[in-house]
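Should a chain be cited, it is by its letter among A, B, C and D, assigned in written order, with residues numbered from 1 in that chain.
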Amino acid sequence: MRLALDIFTALAVAGGAFFFLAGTVGLLRFRDTLTRLHALTKADNLGLGLVTLGLLPLVAWPLGALKLISVWLFVQLSGAIATQLIARLVRREDPQA
Amino acid sequence: MVSFLLAAAIFILAMVALGLFRVFCGPTDVDRMMAVQLLGTGGSAVLLLLAVAVEIPAIVDVALMLALLAAFAAVTFVTSASGSPAAAEDATDSR
Amino acid sequence: MSMANAFDVALVALLLAIAVWVVVARAAFSAIVVFIAYGLLVAIAWVRLFAVDVALTEAAIGSGLTGMLLLGAAARLRGTTASGRCGLTLRIVAAMFCAMISLGLGAVILTPPDVVVTLAPAAMANLPPSGLGNPVAGVLFVYRAFDTLLEKVVLLLALLGVWSLTPDRLWGGVPGPQVDAGPDGMLAFLAQLLPPLGIVVAVYMTWTGADHPGGAFQGGTVLAAMWIVVIIAGLQNAPSIDQRLVRFLVVVGPAIFLGIGLAGFALADGFLSYPAGYAKPLIIVVEVALTLSIGVTLGLVALGTPQRMRRQ
Amino acid sequence: MNAATLFGICGAALAGLGLFGLITNSEPLRKILAFNLLGTGTFLIFGVVARRGAAAGLGGDPVPQALVITGIVVAFSATAMAVVLLLRLFEESGKATLDPNEADGASTAEDDS
């Protein structure tokens, strides 16, 4: 059981790290601002999400887990709205984008 | 397991730090803000990994703080760049 | 080299690179954006130094409020890029001078002290009578309460300083932007959703501060941040600075702290000492009042001088 | 080299860098940034002192840690004050510079804290 959980953690955290890699590569390599924004949201959602998921078996139940999940939810909420606002700003400054 | 979590933390830190090159090349201020947004998320992930790796649960609170204030910089930026909150909303669905 | 060491080395390298960038960056806006990233990384460094209380403060202030303040200022000063930097000679002299300071400090760090001076056992010994579990909170409210009281006074002085820079015609006016957005839209949505959650976090930070890292200051900072989000989203006007309620909220925390401190003369051993058995409840009263005052004061300091008169 | 020493060296370097920026950057806003770098460098050195004083089952000496928290608050107060001074200077003179030759409208060269 312990081993299975460890493997789960390793897989999920590695997956999360991969999405941070993807987010950075996207941010650096994509051509225009809006597609870069799209790459950024992948790291926000999946990167942090998978890291959180992977750490869940390792923290105290239930309060530690609750805090861990709320970190992710806060980033979801504020990240989603912040990227919306940024995208609107881009569109207003350059309607062709 | 501890080494693995720390290695993951180093990897994520390095990744989001690489993202800071966007601040360097821009081209617009929006791109620069995006790099900081990524660093905020990555910083939260690194702190969560550290909290578990060094077994100090209170570090999760620091991540909580970062997550709560993550949008703060972006919101200030958007409102100040557009002059007023109303102007920020003008762009709503102008397709 | 262990993984933990590798992490520290990576973090330090990143911090130094970013600090150089802040100093040499050409555009002020880039420097500010990088500085926000820097504040965030410093918070992680504090975690690595086993100072979680400091990390919380740095995360809230260093990258949160300071970043907001600087971004706002940069937007107002846009297009006024002042002259570049000073002459080469002065720069070389300054570089040598600063290198000497760094080397001196570095030498002090590298010379291991013969006797490690630590007040940790003394702080721990003083902890049980206070009923607190967090040694840093113990130091802040029992061991060196005087510093903490004066820190709040400094914060009040900063607010007075900010207000005293108000132009005469705007005295008693309202700081911050004006309410003009309709209550719908993304920003308003965020400002309606985030503050309730933030208030929960602020209460948690203040409450948990007795036994775990956290405390009045961290809680107050979260309150201030939430208040500012509501104001810049245009959901609510900031209060005009001549309102009695505002002034009451700003002073209530330090006043209660001072009052309890003075009561120490009559009821306990002297200034800022608590009567035996009542330390924890008194500290909690002080902390709650301080959280409120710090929230309002920090918010008003960050909003700056009044921009317009109250609408008639 | 242990972690505390490493962060100590980092703090020393940051303090020097901050001071350099404070002296050589003529833009007031950049001076404020450099002042904050100098501050965090100093605080980190305090943090190292605290870490080395780890005793009584704690990760660090709580007294310097508490001092740093106070320091961060005071540094923020000073930063906020300096930013407001700068904005006011800009409103009065239309320029955000400390150079008396450039600030035509400004009566004297203001000193930023």
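Structure notes:
Keep this in mind: contacts are C-beta pairs under 8 Å (C-beta built on N, C-alpha and C of every residue); 3 or more make two chains touch, one makes a residue touch a chain.
Bear in mind the structure is a predicted one, so any value in this text is a computation, not a measurement.
Compared with subunit C, the chain whose C-alpha mean position is the greatest distance off is A. Put simply, the C-alpha centre of subunit A and that of subunit D have 32 angstrom between them. Inter-chain centre distance (subunit B to subunit C, centres taken as mean C-alpha positions): 19 Å. Rounded to a whole number, the gap between the C-alpha centres of subunit A and subunit B is 10 angstrom.
Note on chain placement: the centre of subunit B and the centre of subunit D lie 23 Å apart, centres being C-alpha means.
For subunit B, the set of residues touching two or more other chains reads 33, 35, 40, 56, 61, 64, 68, 71-72, 75, 78, 81, 88-89, 92. In subunit A, the residues touching two or more other chains are 74, 77-78, 81, 85, 88.
With touch defined as above, residues shared between interfaces to two or more other chains in subunit C number as follows: 4, 48, 50, 74, 76, 186-187, 190, 194, 197.
Pairs of chains meeting the touch criterion: A-B, A-C, B-C, C-D.
Listed in rising order, the residues of subunit A touching subunit C in the complex are 74, 77-78, 81, 84-85, 88. On the subunit C side of its complex with subunit B, the touching residues are 2-4, 6-7, 10-11, 14, 18, 29-30, 33-34, 36-37, 40-41, 43-44, 47-48, 50, 52, 55-56, 59-60, 63-64, 67-68, 71-72, 74-76, 177-178, 180-182, 185-188, 190, 194, 197-198, 201, 205, 208, 212-214, 218, 222, 225, 228-229, 232-234. Contact residues of subunit B toward subunit C in the complex are 2-3, 6-7, 9-10, 13-14, 17, 20, 23-24, 26, 29, 32-33, 35-36, 39-40, 43, 46-47, 50, 53-54, 56, 58-59, 61-62, 64-66, 68-69, 71-73, 75-81, 84-86, 88-89, 92. The residues of subunit C lying in touch with subunit D in their complex are 4-5, 8-9, 12, 15-16, 19-20, 22-23, 28, 31-32, 35, 38-39, 42, 45-46, 48-51, 53-54, 57-58, 61-62, 65-66, 69-70, 73-74, 76-77, 80-86, 90-91, 94-95, 97-99, 101-106, 108-110, 113, 116-121, 123-124, 135-136, 138-140, 143-144, 147-148, 151, 154-155, 157-158, 161-162, 165, 167, 217, 298, 301-302, 304-305. Across the complex, subunit C meets subunit A through its residues 186-187, 189-190, 193-194, 197.
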